[in-house]
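Shared between the two complexes below is chain A, which pairs with chain B and chain C, respectively.
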Partner chain A sequence: MSDSVPQDVYAASSVRAENPPVDTSGIRTIVVMALMVIVVALAWEGLKALGSANNYALPIGGATLDFTFVNDTQLPHIAAIFGSFVEPAQRNGPPLAQVLFSASVVTLGRAVSGFVMGAVLGGLLAILFTHSALLQRGLLPYVVASQTVPILAIAPMVVVWMRQAQLPHLAVPVIAAYLTFFPVTIYALRGLTSVPPTSLELMRSYAATPLQILWKLRLPNALPHIFTALKISATASVVGAVIGELPSGLQDGLGGAILNFNQYYVQSPPRLWATIVAAAVVGILFFVVVAVSERIVVRWSRNDSD
Partner chain B sequence: MVRRFIPVLLIAMLLMAVVPLSMAQDECAEPIPVRLQLKWVTQAQFAGYYAADAQGYYAEECLEVTILPGGPDIGPQQVVASGGAEFGIDWMGSHLASREQGSGAVAIAQIFERSGMREVTWADSGLETIEDLQGKIVGVWGFGNQWPLYAALVKAGMDPDNTDDVTIYIQPFDMVDFLNRDIDAAAAMTYNEMAQVLEFVGEDGTFPVYTMEDLNVIDLNEVGTAMLEDLVFANEEWLAGETDGVANEEIAIRFLRASFRGWMYCRDNPDDCVQYVLDEGSTLGAGHQAWMMSEINKLIWPSTTGIGILDEAQYATTAEIAETYEVITAAPDEGAVRTDLAQAAFDSLLADMPDLDVYGEEWEAPVVEITPNGE
Partner chain C sequence: MTVIISCKNLTKKFKGTDGAVVHALDNINLDVQQGEFISLIGPSGCGKSTLLRVIADLTDATSGAVTVNGKTATQARKDRDYGFVFQSATLYDWRTVVKNVQLPLEIMKYSKERRDQRAREMLHMVELDDFENKYPWQLSGGMQQRVSIARALAFEPQILLMDEPFGALDEMTRERMNNELLRIWTSFPNMTVIFVTHSISEAVYLSTRIVVMSPRPGRVSEIIDVNLPRPRGPETRELDDFFHLTSRVRHALHEGVAH
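Coming up: the complex of A and B.
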């Protein structure tokens, strides 16, 4: 009998996980995605063709619309962007794809470290706030405020601090963590505190300790929320790592590649675009890994409760 | 009586022979770690330091040098002031400004004798001198890099703030506006932006689109308003201290000795130095870096004062321009630059290696092929 009531609690939380808003699997998804790519590509190349045909000055009514933004410098052909992957990044050097691949691995490594640090910190803060209304009221505004400060202003300071702490290699992960802890704190806090009052009362009536309530009631209830946050954090950590690489002077990652291709943009616009593609792929991969872990973990936690 | 002394004498002689040897061996049991903060990302502008490292010159001085590339948001002055690096590379203008704000930075060696900053116009525009820029749209960079040109305009009787005289346009760090002929003149570093014009490939793949003959180049060194560029600086508090029992001034001298040798190596072996740079930056264009290496060498060699030695007259000009345009509010204090460390490094290098060519009087810039897109 005592087991049946907590089961209902799990059931309540797993309903949300069982019915995600959009089914992201199957052939239909792939077809839709492929269609989207085709539509974007058509619009991209269509605009370029339109601009090129009118010498980048489109007469509309009485006015002339400046269309230089679709010239080859500002918006290279899609074929040129993907073609640049196979061309050498440097005379007699390896192809750009290889250079960007190793840069992506390096940046992903930093992003994952930052992601883990941010997730742990965010989770701990959420647990702290769950158990102390005073701390929540006192500190949460600062957590929110931390995200209104531009990361560009924080990053150079983090680099200086970490150098002084003799931990320069941690600078980029810390900057990535700065971006990633926030969603985890907010979503986990919501998940941990939004337990049904009846369940909470029941747990208390069985004289459950706060730790037991956390482990058996709050955490399972928060799991879907936490995973939503982790998916946001996964992509944010890649952004954080790239931004962090700039003031750290690290040139072996995607940040360094973006910086150099930006400085010499006029000389080869497709390379910067190719680097953007690489950064996007890294972010998407990380997102997918977290999304897959979500399915496994949430299912496991459901099975565990049966 | 005498016999008794013989062993002592022998031992003494032996000691005299062995001690210097063992001292030489002990000299570098543990290299001293120091860090150098560059002003920008790895590129041929800093090749001499990479060469000193790769050629083992730093190791010969018992130093283990870590070269920290710069980038946006990295102020070498801030990094050195906060103890993130022992040495930094900066231009004289921003060095004097940070010195005035209390960074405690001291310039210890002037690497570039000439300024790489130019103002370029199209040859067909007929604009050949600063005076010709009257009434034109003149591109300059912001962030404190505009003062040499401002000083040149004032010298030619124009007020940069008066649009009746000249229209100042703060240009981005690329040459697109100049290539599009939206502006009449553009600021360009010989070793970077100027090459980007020459390396330009037309939309239909034509190359070269522009050669030096298409450009008029106004040299601010000749106008007399150039400001000193790349120098080595350190923090005065650090210089007064010691590391592992070695006076930091001594470490600075050793660092400069090896760095000077690195720059001499890059003068004589530019291809090797370009390769050192490319090895550190896999996304840099090889052709562009080869051009940059050559242009950087031109800023150093031939060296009238000798590598690393500051020219007092040039320093006075730079300080004067900095004060005129309120980069600094008062003349720099005595401690802003010191020449004794570079001089000691220079003299001891010559004493140890009399064959070293520290002036490079005979050096002539090799012809560097312009490559499409700098690849």
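Coming up: the complex of A and C.
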């Protein structure tokens, strides 16, 4: 066969595989993100300047527009928010940044525990549903219904249950897991079941066992879907952990910090805003870690962006 | 010569999408000798793919039986007697070329050394040695199908079942793949091939016998012996006998439809 194969067939695919065009999308992303930050900051401070110049009552046509929402209490200056990081959170105490950093570490630990619990539970449910249509029909509606119940209503009950079960330290992770298992169940189920029929027939022709089919076909097929779910779950787990900390009475996490700074908001609005920034940073960091893991694990996918 | 596959009174009916009963196979009787290269040819809906899938135990017959080496088709599948090649290469996207070829060997619990060795031999056979670490999407359609053939033969099945494997390829690539397939078949003594196609010249070029099928209900309308000399090559396509055989198959196909 080699005698009749045109050389360029090989050459073309080698070029495609070994010399991909220089990837500029990373630089582009950073530039776009920086531009967005600048635009938001300009809009933020622009609105504040506009409100302050007009005494927070903007005359438009005959009517007057209430602009008090941009005053320094309701919308502090960006510089004030970031400036608060270096000021002491309490008199003679350590700077707010240090307080928020240790709170973030604590909350992130709980979020990660909840994330792992939720991912394992979600994955197991998806595997169960893949192999039993009966269980899927019977249980999936409850899985969906579980997410229609507000987490704020569930959280205090979980705290009480966990206290009774002598596992109070698991209350917050369980609340976080409650938010994170759902996307994993739904996306993993989709990935496990959306296997091309011929791929399954190939396994059948090898007389493969159900476990081999799960391990060598269904799971790898589901991995891109599962990572989509894990990225959602990563951010949701931080939200779940913060919400879980509120009724738990835990003071050491971001949830405690939010309650605390909310109470003293009128004295110092920027501290609550700084806490929100810290929570967002924690969520983004977790998301990035999962996204990077996806790049490492799902190596086979072609780069569709080019 | 020994009979390796025997189909007795095979019938297959199923409910079509409109609810009407489709008579995919009607009383098929066919004996295949060991080492034969059989082509199943016929218009769409004649049941040629269904017949192949019943033999492979990928679907059940409504009545009748397939015997392979004296066993049921299910037992033959469990004994790993079949290598199956689909129309689409059906490679696993997340596996490199060499890992795809090793897939059946992993399932069948070959040792790592055996797996590596067999996969390398198979890739050498289909002349894709330099592509073992590529992912499927980095290969052309013809190359993907060669990997799929290497994968089907890696565990040395006695019977190779091919469901229009070159149907999606252009004419040039298809003729090249035909030569490739003949070379591989020759290098596996006693390997039996059942090959589904809708190309008359492909069937004549490759086969020892051609089973011509007709649709509604799916029946064997004629079995044509192909006594062209071997080894076959591009010059085979110029022989008078090649033309006679292609027109014989064509007539059989038309008669089958006219019934």
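Going forward, the second predicted complex is superposed on the first by the 274 of 306 C-alpha atoms of A that agree within 3 Å, B and C clash if a C-alpha of one lies under 4 Å from a C-alpha of the other, contacts with A are read in each partner's own complex, and residues count from 1 in each chain.
Throughout what follows, a contact is a pair of C-beta atoms (placed from the backbone, for glycine too) under 8 Å apart; a residue touches a chain by one contact, two chains touch by 3 or more.
Quick caveat, the model's predicted, so the values are computed rather than measured.
Asker: A:Ala229 contacts which: chain B (first), chain C (second), both, neither?
Answerer: Neither partner.
Asker: Would you check which partner chain A:Val266 touches, where first means chain B only, second means chain C only, and both and neither mean what they say?
Answerer: first
Asker: For A:Val242, select first, second, both or neither according to whether it touches chain B, chain C, the two together, or no partner.
Answerer: neither
Asker: After superposition on the shared chain, which partner residues are touched by A:Arg91: those of chain B (first), chain C (second), both, or neither?
Answerer: first
Asker: Between chain B and chain C, whom does A:Ala176 touch in the aligned arrangement: first, second, both, or neither?
Answerer: In the superposition, A:Ala176 contacts neither chain B nor chain C.
Asker: Considering only touches as defined above, state whether A:Gln251 meets chain B (first), chain C (second), both or neither.
Answerer: first
Asker: Per the contact definition, I'd like the list of chain C residues that touch chain A in the complex.
Answerer: Of all residues in chain C, those touching chain A are 56-58, 77-80, 82-84, 86, 88, 90, 92-95, 103-104, 106-108, 127, 130-131, 134-135, 137-140, 143, 176, 179-180, 183.
Asker: Going by the contact rule set out above, which residues of chain A touch chain C in the complex?
Answerer: Chain A reaches chain C through residues 1-2, 4-5, 9-10, 13, 16-17, 196, 198-199, 201-208, 212, 216-217, 220-221, 223, 298, 300-302.
Asker: Applying the document's contact rule, which stretches of chain A touch chain B when the two form their complex?
Answerer: It comes out as residues 71-73, 89-94, 99, 152, 155-156, 159-160, 163-164, 246-247, 249-251, 256-257, 259-261, 263-268, 271.
Asker: Spell out the part of chain B that touches chain A in their complex, as residue ranges.
Answerer: 37-38, 41-42, 68-74, 78-79, 82-84, 173-176, 179, 196, 199-201, 203, 278, 280-288, 371, 373-375
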